[in-house]
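Presented below are the structures under discussion, each in the form of C-alpha cells.
Two complexes come next, and they have one chain in common, subunit A, joined by subunit B in the first and subunit C in the second.
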Partner chain A sequence: MQIILNGLIVGSAYALMGIGFSLIYSTVRYFNLAYGMVAVIGAYVAYTLMNSWSLNYVIAMLAGALVAVLIGMLSSSILFKPMVRRGGSSLVILVASFGLLIILQNISALIWQNTTRALSISDRILPGYNLFGLIITPNQLMIGAVALLMMLILELFLKKTRYGMAIRAIGDNQELTKVLGLKTEQIILAVYVIGTFISAISATLIALEIGIRPTHGVTLVIKAIIAAIIGGLGSIRGALLGGLLLGVAENLGIYFLGGQWQDTVAFTLLAVFLLVRPEGLFAKKRLVSVN
Partner chain B sequence: MDYLLHIAILSSIYSLAVLGQNYASGYTGLISINHGAFMGIGAYAGAILLKWYGVPFPVAFLAAGAATGLAAWLLSFPLLKLKGDSFVLVSFGFSFIAFNLFLNWRGLTNGALGLKAIPGPELVNLLDNTKIIFLAILLALILITLWGLHKILQSSYGVVIRATRENQKVTQIAGHCTDSYRRSVFVLSGVITGIAGLFLASYISTIDPTLFNYHLSVLLLIMAILGGLASLKGSIAGATLLIVLPELLRFLGLPNSILAESQQISYGLILILLMYYRPVGLFGTYKI
Partner chain C sequence: MLQLYQVHLSLGGLKILQQLSLEIQEGKITGLIGPNGAGKSTVFNVVTGLIPFASGSVKLRGQEILGASPDQVSRLGLMRTFQDSVILSQITVLENLISASPLLRDISLAQVFFRSAQTRQRKAEAGAKALELLGRVGLEGKANSLAKELSYGQTKLVEILKVMMSEAELIFLDEPFSGLYPEMIKVIQSLIYELVKKGKTIVLVEHNMKLIEEVCDRVIVLDFGEKIAEGTFAEVRKNKKVIEAYLGN
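After this line comes the complex of A and B, so read on.
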C-alpha cells in the first residue's frame, strides 16, 4: 500500500506535467521536447532563490515558474511559430525542439553544474505523518496538495472562462476557430504560458522527491509524453489518470525489479499503450500520424 | 599526423553507422532514434567475444552483425506497427531500454565499469603502423557498403522501399507486402550500424554503457539529417562534419571544463538552424 501511495503522489506531479504537455499539444499539434527542460530551469531558479535569498518554497516555486513561462513564450514565438509558418512538418519541429532541449540542458549544466541538487520545503528534516498506517512526508503532502490545487484551477479555467472555451475550441478544430474570428495565435501563446507554468510547478514538486539535474529535462518530458499518451492526447482527465498510472507502475517496478529498470518500465508501458490503445484512455482523436 | 588519423578513423566509423541510419530513415522513412543502441549491441557482442572468448576478428564481425540484426528484427515487430510521431517515441524509448540492459546485465556487460582492453583485428596487431591498416579496413568496408546500398537502391526492391516511404497504402494496394520490406530494411540498417559499433569498440578498446545512451542515437540521426536524408554521400559528409566541427572547438582555446557542454550546444544549434533553414540537409533528397 505504501508503494501505491508513493506512486500516486509522484504520479500526481507527473499528471500535472502531462496535462501541460497535452494542453500545448492539443492546440499546436507538434511534440515540443524542450518542454521538460524549460520546466527544470524553473525548478533551478526556485532552488537558487531558496538558497541565496532563503525564500519560502511556494514563493520560489512561483518565481521559478514565471522565468520558465518567459522562456517557453520566447521559444514558441521565436522558434516554433515561424517554423510552423514556413510549413515545417511536425517531425521537423520535433527534431528542432530536441536541438533546443540540448542547448538549454547544457546551458543549465554550465550554470548549475552536472550534479543533483536537493530541494526540500524546509531546512530541517520534518517527521512524517501517519495516515491509517501509511507514512506521508511533508514534502509528499506538498506535492499532492499543490498538484491537486493546480488541476482544480485549470479545470475551472478551461470549463468556466471564455479563454478556456477558446482553448478547448482550438483543440477541437483549429481552422474552424480561426474562421469564427478568434485570435488563434494569441490563444496559442496563452496556452504556452499556462502549460509552461504548470510544468514548472510540477518540475519543482518532482524535485522534492528526486532533486534537480540537467538531464531531468529529458526524463520529465518523456514522463509527460507517456502520461499524456496513456490518457489520450488532448484530454485533461486522461493525462491525470495517465500520470497516476505511470507513477504507480514506476513505483511497483522499483519495488519488484529495482530502481535501475525505471526507464524500461515507463517505456514498456508507453509501447504497450501505443500498440494496444493508441488513442489512449480518454481521447477523442487518434495520435496524429505523418502518413 | 596521429591526430588526423584518429579523426579520420572516427569519421569513418560514424560514416558507416550513419549509412545504416540513413538507409532506414532516409530511404525508407523510418525516423528511428535507436541506432545508437544498435551500435552498442554490435559493440558489446563483438567485444565480449573478442575479449572473453578470444575469437578471431572476422568471427566477432559476423557475430556483431548477427546480434544487431536479431535485435533489429525483434524490435521491428512492435515498432513497424506505429507511424510518425509514435514511431519516433517508441524507438527513442528503445535506446533507453538498451541502455538499461547494458548497465544492468552485469554478468554480460560488466555494468557501469564497462569492458576494457578489447582486442582489435589481428592484422592490425602484427604491424607497426596499425592505425593506417585499421583505417584501410574501415574504408574498404565503407566502399563495399556504399556499393551494396547503391545496388540495392537501384534494384526494383529499392524502388519499392522508397515507395513505402512516400505512401504505404498505395504501395500495399500495388501488391507489395510493405511490412516485410520495411522489416528487412530495418534489419540490414541495424546490421550496418552494429558493425560500426564493433569497430568503435575495437578502436577505442574500452566501452561502457554511457557511450551508447540516447545521445548517440540522437547524434546519428542528426548526422543523417545534416548530410541529407536519402543521400549516401550525405551520410558520409554529415558524419565527418559533426566529428570535425566539435574538434575545431578545441582549437578555440575553450577551457576544458566547458568543452563538452559547448560541443553539445553546437550540436543543438546545428540541429535548430538546419531544421529552420534547410530541413533536407546538405545533399538530401527527402524532406521529413
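After this line comes the complex of A and C, so read on.
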C-alpha cells in the first residue's frame, strides 16, 4: 500500500504535467518537446530564489512558474505561432521544439551546472505523518495537496468561466470557432500561459522527489506525453488518470524490479496502451484508419 | 450590404469562380442557386475568409473583407451555417449557443484572471437567451447534453439558433433544409422569417426550388462559377440560360 500511495503522490504531479501538455495540445494540435524544459527552468528559478533569497517554497514555486510562463509565451509567439502562420506542419514544429529544448537545456546547464540540485520545502528534516499506518512525508503532502488544488482550480476554470468555455470550444473545432468570431490566437496564448504555469508548478513539485537536472526537461516531457497518451490526447480527465497510473506503475516497477527499470516500466505501459487502446482512456474521438 | 466585384478563384488550373460580381440587398432573403459544382458554397467560403486566396473585391457595408480571417469577418457581423452541419460536438448544446454569442467574441487575455460583475451579468443573459431559444424549438431538455448526442435535424436547428444568438446582420445559410422532414422545415422557415423581421439580411443556398420560391425575395443563379441570371424566382425560372444550366441543351 505504501508503494501505491507513493505512486499516487508522484503520479499526481505527473498528472499535472500531463494535463498542461494535453491542454496545450488540444488547442494547437502539435507536440511541443520544449514543454518539460520550460517547466524545469521554472523549478530552477524556484530553487535559486529559495537558496539565494531564502524565499518560502510556495512563493518561490509561484515566482518560478511566472518565469516559465514568460518563456512559454515567448516561445509560442516568436517560434511556434509564426511557423503555424506560414503553414508549418506539426512535424516541422516538433523538430523546432526539439531544437528549443536543446538550447534551453544547455543554457540551464551553463547557469545551474550539470548536477542534480536538491529541493525541499524545509531546511530541516521534518518527520513524516502516519496515515492509517502509511507514512507520508511533508514533501509528499505538499506534492499531493498542491497538485489536487491545481486540478480543482483548473476544472472550475474550464467549466465555469467563459474563457474556459472558449478553450474547450477551440479544442473541439478550431476552424468553427474562428467562423464564430472567437480570437483563437489570443485564446491559444492564454492556453500556453495556463499550461506552462501548471507544468512549472508540477516540475517544482517533482523536484521535491527527484531534484532538478537540466536533463529532466526531456524526462518530464516524456512523462507528460505518456500520461496524455494513456489518458487520450486532448482529454484533461484522461491526463489525470494517465499520470496517476504512470506514477503507480513506476513505483511498483522500482519496488519489484529496481530503480534502473523505472523508465522501462513507463515505456512498457505506453506500449501496452498503444497496442491495446491507442485512443487512450478518454479519447475525444476514436482513431480510425484513413485507408 | 454585400458586394462582390470580379471575384476570381482558380484551384489547380480549374476555374471555380469566374470574375463573379453580385450584390446582396439589405433586409432581403436572397437565394443563391445553381447546379452542383456551380460555386455556391465556394462563394460562402470566399466571403467568410475560409478560402483566403481569391482575387477581386468583396465589400461588406463598404469595407473590403477579401483576405480577412474568418474571425475578423465574423466580428464584422457575418455569420454562416454549413452544408454538412458543423457544431462543437464535445461541448453542451447550451454552450454551443453561448459560444456563438458576442460574449465570447469580446473576450480579452486579462479575463483569464479577472471577471467583472458586468461579465457575469452578460454571461447570465446569454445563458438565459440560449435557454429561451432552445425552449422555442423544444430542445430545452437537451441544453446540458453534449451536442454530439443530437440528431441530424436537431443539429440543423441548433445551427440556426446559433445564428440567432450571434446578433449578426448578414447571415449565410448553406442548405439549412436538406435532409429534414416537413415539420422541421416549417420550424426553420419560421426562424428565418423571424430573422428577416428583425432586419437581418439572409443569403440562402438551397436545392429545393419550392422552398426557394416560397422563401426568397430575389434569386441569383450561378453556373460554373459565373452569374447567369438574377431576379425574382418567377423571372429566373423563365431564363433560357437557367433552363439550359439545369436541364442541359
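The rule is simple: the second predicted complex is superposed on the first by the 285 of 291 C-alpha atoms of A that agree within 3 Å, B and C clash if a C-alpha of one lies under 4 Å from a C-alpha of the other, contacts with A are read in each partner's own complex, and residues count from 1 in each chain.
We adopt the following convention: a residue touches a chain if its C-beta (ideal position, glycine included) is under 8 Å from a C-beta of that chain, and two chains touch if they have at least 3 such contacts.
Predicted, not measured: the structure shown is a model, and the values here were computed from it.
Given the touch rule stated above, what does A:Thr161 touch, subunit B (first), subunit C (second), both, or neither?
Touch status of A:Thr161: second partner only.
Is A:Leu94 touching anything from subunit B or subunit C once the two structures are fitted on A? First, second, both or neither.
So A:Leu94 only meets subunit B here.
Answer with first, second, both or neither: which of subunit B and subunit C does A:Lys183 touch in the superposed model?
In the superposition, A:Lys183 touches subunit C alone.
In the superposed arrangement, does A:Asp263 touch subunit B (first), subunit C (second), both or neither?
Only subunit B; A:Asp263 stays clear of subunit C.
Touching A:Arg117, do we find subunit B (first), subunit C (second), both, or neither?
neither
Which chain, subunit B or subunit C, ends up touching more residues of subunit A in the combined arrangement?
B
Identify the partner contact of A:Arg237: answer first if only subunit B is touched, second if only subunit C is, both if each is, neither if none is.
Touch partners of A:Arg237: none, neither subunit B nor subunit C.
Going by the contact rule at the top, pick out the subunit A residues touching subunit C in the complex.
Of all residues in subunit A, those touching subunit C are 161-163, 165-166, 168-169, 171-173, 175-184, 186-187, 189-190, 193-194, 284.
Enumerate the contact residues on subunit A facing subunit B in the complex.
Residues 31, 79, 82-83, 86, 88-96, 98-103, 105-107, 109-110, 218, 222, 225, 229, 258, 260-261, 263-264, 266-268, 270-271, 274-275, 278, 287-291.
What does subunit C use to touch subunit A in their complex?
48-50, 69-71, 74-75, 79-80, 86-91, 95, 98-100, 102-105, 107-109, 111-112, 115, 119, 123, 162, 166
What part of subunit B is in contact with subunit A in the complex they form?
31, 78, 81-86, 88-90, 92-94, 96-97, 99-100, 103-104, 167-169, 214, 218, 221, 225, 258, 261-262, 264-265, 267-272, 275-276, 279, 287-288
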